[in-house]
Amino acid sequence: ADALTLQLKWVTQAQFAGYYVAKDKGFYEEEGLDVTIKPGGPDIAPEQVIAGGGADVITTWMPAALASREKGVPLVNIAQPFKTSGLMLTCRKETGIASPADFKGKTLGVWFFGNEYPFLAWMAKLGLPTTGGADGVTVVKQGFNVDPLLQKQADCISTMTYNEYWQVIDGGIPESELVVFKYEDQGVATLEDGLYVLEDKLADPAFVDKLARFVKASMKGWAYAREHTEEAAKIVLDNDETGAQTEKHQLRMMGEINKLTEGSTGKLDEADYKRTVATLLSAGGEDPVITKEPQGAWTHAVTDKAGIE
Amino acid sequence: MRVGGGTMGSMAAAAGGREAVIEIDRLSLTYETNDGPVHALSDIDLSIGRGEFVSLIGPSGCGKTTLLRVIADLEQPTGGAIAVNGVSPRAAREARSYGYVFQAAALYPWRTIARNVALPLEIMGVPKAERERRVADNLALVNLAGFERKYPWQLSGGMQQRASIARALAVEPDLLLMDEPFGALDEIVRDHLNEQLLKLWAKTQKTVVFVTHSIPEAVFLSTRIVVMSPRPGRVTDIVDCSALPRERTLDVRETPEFLAIAHRVRQGLRAGHSYED
Amino acid sequence: MRVGGGTMGSMAAAAGGREAVIEIDRLSLTYETNDGPVHALSDIDLSIGRGEFVSLIGPSGCGKTTLLRVIADLEQPTGGAIAVNGVSPRAAREARSYGYVFQAAALYPWRTIARNVALPLEIMGVPKAERERRVADNLALVNLAGFERKYPWQLSGGMQQRASIARALAVEPDLLLMDEPFGALDEIVRDHLNEQLLKLWAKTQKTVVFVTHSIPEAVFLSTRIVVMSPRPGRVTDIVDCSALPRERTLDVRETPEFLAIAHRVRQGLRAGHSYED
Amino acid sequence: MSASLAAPPVRRPRGREGAFVPVLAVVLALVAVWYAGAYVLNRPQVMDAFARQKVEPDFESLVAATWSMERPVLPAPHQVAAELWKTTVEQRITSKRSLVFHGWITLSSTLVGFAIGTALGILLAVAVVHVKSLEKSLMPWIVASQTIPILAIAPMVVVVLNAVNITGLLPKAVISTYLSFFPVTVGMVKGLRSPEILHLDLMRTFSASAWQTFWKLRLPGSVPFLFTSMKVGVAASLVGAIVAELPTGAVSGLGARLLSGSYYGQTVQIWAALVAASLLAAALVTIVGAIDRLVVRRMGMAR
Amino acid sequence: MTAVRGLLQPWLILPLMILAVVLPLDAADPASLLPRQGPFAWTALVALGAAAVAAAKAHEGPSAGLLVLAFGTVVGALFALDRLPAIAGHPGPGYLAFAAATWLAAWALVSELSAMPTRAPAAAFLMRLLVPALFGLTLLVAWEILIVAFAVPAVLLPPPSAIGARIAVSIPTLAADFRQTFLKAVVAGYAIGCGAGFLVAILVDRVPFLARGLLPVGNLVSALPIVGIAPILVMWFGFDWQSKAAVVVVMTFFPMLVNTVAGLAAADPMSRDLMRTYAAGYWTSLLKLRLPVAMPFIFNALKINSTLALIGAIVAEFFGTPIVGMGFRISTEVGRMNIDMVWAEIAVAALAGSAFYGAVALVERVATFWHPSFRR
């Protein structure tokens, strides 16, 4: 079987259920593939891993992928299993925030490490400086968890619909005391978990063929996960080597993830791409994510080859 | 061979009826080592009166240092009793009743010579001016004036030893415990310091317990000489020196009394040795 | 006052015309210290022939140890020239031409006495059986048989010093450099070791350079005595002892020749001192 | 100090005999402080919760609530103990839910890293002490190397090592090595230079080679420094192993437990892993200390 | 060492120079032989050859040879750097041989310099700076050549030139980060952590009950993993530098504790006996004897901690900070693939850490001048 290594963006969880399902259910095997899935973690930059030759395919967010492309890592999107963005800003109601207009002077928790681009784009759109002060917002780098909100160290924090948001709820704050702003609703959504490879390797038809089989099997995995939520969550749990995940948590995450993959065939929707690029270009600032329209940052060659419509 | 032994009572008598500064009764000390016990002191009886100058003499390893350390409460006896100034050695030590000159100089390398000598004075809270005076006086006494600002490792062996003598004298204690203080000094300096020590002793009525290997030195300085023998460390003879005048000059060493005493000490010493060839 | 000085040629003559083991020419050494230079050795001329027994005597701090250290290549002279066995001290040291007894015992606390004595033999690659024989012999010589398995801190000061002598002798060098080796020993042991050393010297034709503070010891042992004086360290007299028979017993100390030499040395020593009282 | 007599042995604090009662006392005090801390730190959230239910809590129910929260700021000791019990005794030790399993993963790379680190540290110290040019040129760079934040380069190290097909234990051990060799180097440079001048002179009179001087004098003389450094080194090694578990995918080991616990806000799990790591560290340091005492006794330097 | 110094490098340089002359500089162009590269190439070749000869003779005594060696090294390095862009990604064996020869010459130069006797203290001090600086410069040039010649992706490891350029344009950012991380978190945490370790060691020493109870428990904090405590401390002490200082406190505590405890046990029995004869109290003998003896150990801890503190503060910033600080910048820029900025911060950290360590070492030299390690 052809060997292929996939580097995930984050630790083993339902966010990557499609791949684990495809592996466990033998979908990859059916396509003649031997896929190794490497979990990620904080401080693992999949872009760096692939540049160093540690993986063949990576999952990452498009803003980070495009930024890397400008920095000399020629990443190309070959498939986009996630249709919708799950990123949002979650605030406590008691801070008096009801709409983005109320952000002024507040403290907002943001994930950095390449995840900050959508936020910066949004703030740029709102015209809020991120350097603190009464007229702007104070930004703090948020760690791995939702403590800043629970501890009232920040007025709002970044959350994913499928994960951190529920931790806030579990932390004892009822939904009624929360205000959430989905990036999707604010018109600053950017594409999340897509599949990327290095551009030069696409010149090899054998590699493209391998990728096509991989994408096909993966999408089959995602479809299976949507239909068998509980089984998929169970599979993820089995693959978690830390043994720290709980079933309740993964099941709920699976449900939320399924909402995000809903409507994607795997083929990148050019309109989504254009919207993402436009959002990023609008972010501006002294250190913009991307300075110009990227060229050749995506291809349909793989999905076409896989026979995906 | 035991000559000067006896009970506490007879010892006190030997001390000339004076108030006893040190009273030792059937004292013994055994060190435990990896290859069996070492009987460093065995059944020692000794009484030393106020104002006496007692020398300990004996073959190397016979327990002189150990005995001095017991008096100074640096070692715990494993048998018998001992009193210093009528109290336990510990109480005496805590009352700062004595000054001790170690067999090795034991100077602190981070202090200059002057500050090494000043160390006990600092600890005892002697005011600065007085301290400086005493340091200067005692360094001059041991002929180290001019070396105040040197560090110990910059001095010769004999100079280090003299510095440690100055340190003990600076304390001006009533009881002086000295472990071969003049071992590394040449004859001239040694004679000089012997005279100085005798003068000091006569003037200040100190009690001195003095370990030496030099028979003439012992006879010249002492009111009594305790001869010891090793394995186990015992007292084999106590030689009285009252035949010599109390005020002595170096000339006394030529007198027949002196030579007689020296001879007796030498006999005692020889008896304690294993090889007579 | 300079008596035994002179040029290299005359010194070689003083060495009795024999092949010179140590040749020192206008040697000087200055230590740099925090408060100015110390002139430890100044303008030393000395030649020592093969088979000689030369004692260095002088007031504390006059540079005896320093001179010995220069010969042993432990200190670099700041002026003049020196040759040991016809080569530089460094080459001589690297050829393991000498054994050195330090003023302090310098035993390694993690080695037993036997292993301390064996240390140089291990380093020189002496086979085990031979090593054990030499260790046992030399410990017996210094009367430390039975203490093989003790650690240095379990010995008395004098015993430590004897262990360090045994260590130097075990090397069986042709040239022995000894810095006050018998300083901490009682008279009896000292006499005994003096005789042993003299026997060894006579038997093995060693050359010995010997630092001591005891005038009788120096006279008893030496073929020549070098008298030094301090600040700066100089040679003030070289006393020849050929008036005494080469084979000596302790009785020689009563002879008029002996007393005459001792007197001359004492004069030289006294002249080097600052206080004549 | 001035060595007129054989340098006497180092006197060491008494061993652990009879340590039980004092340790128990200190641990009890610690637990008491911990309970108090749990109350104080968890109180605000508990108050909020009560306020939501519109109840006025009395002290007892406050205490009960602060000590039994599902997501406490500081879990109470018994919660951590229960979690520890659940993840050690109640799991097969081969199970990935067992802390013993994860502890072993971390321990193995700690030990490998520590062994290499100690050897490297001693080696560097020997080189620096013996080769003059290295002291001046290499030592500053050894120091500089330690100022590079490992977590920043750890991913790069792992990526590079992965690229040359070194995976599993070794990349983690490399990070452990990196952290643990430095204390050993610094301590040993000092230790190897600490013999008395007189003792070195003695070696010179024997015309001993540098190698002989090292084995027979410098090394034995540096023992107190060596073991002190090794205690710090083994602790650093454990920290390194745990830190290195993050960029290696954080799939197993105590570091992964800490991280995933943190990521999912499972405070009790974090604290259980923390306590496990601490116990492991204490055990390692204690073992090094025991070896220290053993060696010192064997060398005849203990009284 | 003398053998290495006198012989090894020159004898390796000469064959390498021959290889450099006969093999192509550019793997893509077999005709790119060094002798055809014009006067600069010839100058470099001759200078390097002269340097090799000078290095071979250097052990005969300090002389103008050192200048020749330095000149050859510099010219060789300049030439290697000059040709670097042309051969990027496809270095020829001749080029690599030339670079290796230059590197050997630099090595010889550094060992010659460090073997140079320096009597005046000022010159010795200068040497202490010059030698490592030269050594570092050599490393940087080698790094630049390797990275560019083998076309290592800049996202893995950028060449020093790129890092230098980045530093030049980012001074204000670097300064702000330095202020936040070093001047606030590190300094405060180091002082408190070392102080606490020291005080607990004294406490443990003073109260034997605690020595047996607290020391084993103290070992518990020895390896509190920073990954575990950093989030907790952020929770307790907030996002700003105070929580980083707290992490530094935890990290520096144990080395200080262990070293101080060991140091306090290091006084030899006779020195202690002397104190006993003075009936010196606990504090007196601590102050006058045991602390001075413990100083070398304590300085060990201070030195180890000087670098540990910096690592601790930087890593702690991975777990929640305001958007300034060296650790924040590093983790953020890694995610942004601005690896040159990451290395710029690392360079600042290395510089600051080395200076910190150097300062501690300097104080050590002054404070424990009496220790045998400083007396030769």
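Think of it as A, B, C, D and E in the order they're written, each chain with its own count starting at 1.
Methods note: contacts are C-beta pairs under 8 Å (C-beta built on N, C-alpha and C of every residue); 3 or more make two chains touch, one makes a residue touch a chain.
The shown structure was predicted, so the numbers you read here are calculated from the model rather than taken from an experiment.
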Exercise. Between chain A and chain D, which partner chains are common?
Worked result: E
Exercise. Rounded to the nearest 5 degrees, what angle rotates chain B onto chain C on CA?
Worked result: 180
For this session: Could you see whether B-E or D-E has the larger number of C-beta contact pairs?
Result: D-E
Exercise. Using CA atom averages as chain centres, what separation in Å is found between chain A and chain C?
Worked result: 85
For this session: Mind checking the centre-to-centre distance between chain B and chain E? Centres are C-alpha means, answer in whole Å.
Result: 55
For this session: Would you kindly tell me how far, in whole Å, the mean C-alpha position of chain E lies from that of chain D?
Result: 23
Seminar exercise, completed: Between the Cα centroids of chain C and chain D the separation in whole angstrom comes to 53
Seminar exercise, completed: For chain C, residue numbers touching 2 or more other chains are 103-104, 151, 153, 155, 157
For this session: Scan chain E for residues touching two or more other chains and write them down.
Result: 156, 231, 235, 269-271, 318, 331, 334, 371, 375
Exercise. What positions in chain A touch 2 or more of the other chains?
Worked result: 42-43, 45, 48, 52, 143-145, 147, 151
Exercise. Of all residues in chain D, which touch chain E in the complex?
Worked result: 1, 5, 7-14, 16, 18-19, 21-27, 30, 41, 73, 130-141, 143-153, 155-156, 159-160, 182-183, 186-187, 190, 193-197, 224-225, 227-229, 231-232, 234-236, 238-239, 242-243, 246, 254-255, 258-259, 262, 270, 273-274, 277-282, 284-286, 303
For this session: Provide the residue numbers of chain D that touch chain C in the complex, in ascending order.
Result: 3-9, 196, 198-199, 201-208, 212, 216-217, 220, 223, 299-301, 303
Exercise. So in the complex, which bits of chain E are touching chain B?
Worked result: 270-271, 273-280, 284, 288-289, 292, 368-371, 375
For this session: Please give the residue numbers of chain E that touch chain D in the complex, ascending.
Result: 1, 5, 110-111, 113-115, 127-128, 131-132, 134-136, 139, 156-157, 205, 208-214, 216-217, 219-229, 231-232, 235-236, 254-255, 258-259, 261-262, 265-272, 296-297, 300-301, 303-304, 307-308, 310-311, 314-315, 318, 326-327, 330-331, 334, 342, 346, 349-354, 357-358, 371-373, 375-376
Seminar exercise, completed: Counting only contacts in the complex, chain B reaches chain E at residues 69, 72-74, 93-96, 98-100, 102, 104, 106, 108-110, 119-120, 122-124, 151, 153, 171
